[in-house]
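Chain naming follows the written order as A, B, C, D, E and F, and within any one chain the residues start at number 1.
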């Protein structure tokens, strides 16, 4: 039967002890979607994207947040990330964010990927909010997750 | 016509200069929904919620993240928050998170509220992920925003 | 004869170079005691402990502080912690805090355990201070420390 | 009757809303004692104190920690500190640490003073621990607290 | 006669108590120069600058560092910055960085401007270092500093 | 032909994936020079250096900054540093800062050494700025860099 690994029998939160687990190569890909008005998409395409600062700012925000995940998510371990990438795709109804994180560690990096994708989406939200009051972040989820011997 | 306030004419990102704006009392309420399986809701109700650690951990994560917003969202200002609150409602299809932030400052706190709601939802995700591989965070948005003289 | 390892011959502070040391499994347990009035203990038992938020908040504070030790204690190394646990025991004269930290690293984790125990005690202090003006933190010390091959 | 201000009726933790409180000048002085062996006191006097690095390192640790209090103690507010000072007195049975913090804010700074004194004591502990395995931090408490119109 | 304001009569470091000083509007502009090879300038102009990510990344690094100055420079005060801007000019012998910081506070922001300019230059250095092993940062200085009633 | 390793073909910034690289022992030494007036050098020698706090404060600032490099320089990896040392030499025209960093990792530590040297120089600047309005930081560069099997 399924259990919550981060809670002990008394219901107390804990960091899972990853000491006994082997170091393996791990990758997680997470995504998030900043849903915005069509006029915001046009504005982004006209003013911001050709020159790149808007997406670059959001990319840096996502990368930095992924590296800081253990300071944000209380029961996460500090992990030495080998790579963090954040990619954007401008779609008709919003901007899709994909964050890929790789490590060689005793535990996985899905929280790092989710944190990177989410903070990148929120940084985009921040830069667009003067022009669009009805944006939402939707579909924050892990797309893929894999591990292999290292 | 609408513009992106965080980008100058050359397309370069900038922090908006809030110096000329008056200090007013401001409040923003943001929400996020951690969508999970019905079995995860049962597990939360059975193992975690009666004793409170799981929601308390996520609440602290949200409060701490709201206070750290300017370190996460690159063009945000460091603001002296008067109060941050994070509330959870367990629903049939997931856990709803509502984050309320108040300040007396020259600029608003919607990014702080969004960051608090989102990080609280991600902290919940982290604690439930061993039991549910298909969770998503949905509906991250500003619910209300107001200001008044202080 | 004993020496201060963190000071060179000229009296200058330094991080000890742990490069030549082997990676071994290490554990340190530290404790601290928040001494408070009997009425505060009654208040905790009545209002806070059954529902758990107070101790959960202090637990998260201790875990997060342990992970941030190298940012607080200037000559400490950044270490990849395998596990951090914080336990509380309510005693007649106060609340005892025990923090356990494990790593596989070139140097020990007693500072991480001490930092976790102390910050958890201070977080408890913060939540109780409106009701009790005479609390103290006492007995901050390393209880046990061990290492083994990994 | 006394209550825990940081817990609501449902037992949930919260940051106290300081918005309605006036801005006043505030000062808090906290102290801590690093209790150590007489031989450690001799070692400090001989090797470390004449040249000053050891106490200076601990002083910086305390000042920096006081400024970071809201990141360590979950329900504390980020406050603009006007001054932080950390003083040491070498006594026969240990080193006494006194941390003084001043602000002009809507809430007091005892947690900042306690955090500064404690982290300074722990930083001293770190630098002396190779020579003394039985140190303790004792007597962490608020010595004085005052406020006045500003 | 001139004195070091950050050291007391006993030679101990201290944060200057800014409590008695009035809140005034302040601005500081600092600059730094990343000196690099002509081939690196060509590479930047060809590969990086048209699309903007390189300078945007360095700009974000400088803005974020300026906001974090009090965590980096031990005796600095945490200040509420109204605006931080980072501008780059590509010159024949390198890239000039200018950082402008504004606040309404009891003390000035030259350290914030210097920190912003320097970290932006180091971030540029990081992105160019695979192509140029002989870069230097030169001329880190305060260009202008002013204050006015607010 | 030379390329910018931190930018992909589309001009987007990225963290270089260090996963495939071997773990080797690495050392980098960086330097910076705080250029100041002769009267400032006299002041330092008379008031600050005999008692040591000024240089100790700057040393701690440099060590702490080196450990925080990945939070400051966006595309840097979080590395487990084995040692960080900061040395000062008082020269006729200023104070020379040398920062040495060692690790066993998949990528080098020149950014850590540069960050440590620079922040130490800026911390010195901060402590001397009341007495000298024309200081500059010059000559920030990597002095040596080496690696060896570990």
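FYI, a contact is a pair of C-beta atoms (placed from the backbone, for glycine too) under 8 Å apart; a residue touches a chain by one contact, two chains touch by 3 or more.
As the structure is a computational prediction, the values presented were derived from the model and not from experiment.
Undergrad: Using the contact definition stated above, find the chains touching both subunit C and subunit F.
TA: Both subunit C and subunit F are touched by A, D, going by the contact rule given at the top.
Undergrad: Count the touching C-beta pairs: is C-D or A-F ahead?
TA: C-D
Undergrad: Would you mind checking which chain's C-alpha centre is most distant from the centre of subunit A?
TA: The most remote chain is D.
Undergrad: Using mean CA coordinates as chain centres, what's the gap between subunit D and subunit E in Å?
TA: Going by mean C-alpha positions, subunit D sits 30 Å from subunit E.
Undergrad: Between subunit A and subunit B, what distance separates the C-alpha centroids? Give it in angstrom.
TA: Between these chains, centre-to-centre, one finds 15 Å.
Undergrad: With centres defined as the mean C-alpha position, give me the subunit B-subunit F separation in Å.
TA: Centre-to-centre distance between subunit B and subunit F: 36 Å.
Undergrad: Going by the contact rule already set, what residues in subunit E reach two or more other chains?
TA: 11-13, 51-53, 56-57, 59-61, 64, 68, 74-75, 78, 80
Undergrad: By the touch definition up top, name every chain pair that qualifies.
TA: Listed in label order, the chain pairs in contact are A-B, A-C, A-E, A-F, B-C, B-D, B-E, C-D, C-F, D-E, D-F, E-F.
Undergrad: Can you check the complex and tell me which residues of subunit C touch subunit A?
TA: Those in contact with subunit A are residues 25, 52, 55-56, 59-60, 63-64, 67-68, 78, 80-85, 87, 102-104, 150.
Undergrad: Applying the document's contact rule, which stretches of subunit A touch subunit E when the two form their complex?
TA: 51-53, 56-57, 59-61, 64
Undergrad: Show which residues of subunit E lie in contact with subunit F when the two form their complex.
TA: Residues in contact with subunit F: 2-7, 10-13, 32, 39, 43-44, 47-48, 50-54, 56-57, 60-61, 64-65, 68, 72-76, 110-111, 114-115, 118-119, 121-123, 125-142.
Undergrad: Hey, which residues of subunit D end up touching subunit B in the complex?
TA: On the subunit D side, the touching residues are 11-19, 70-71, 74-75, 77-80, 105-106.
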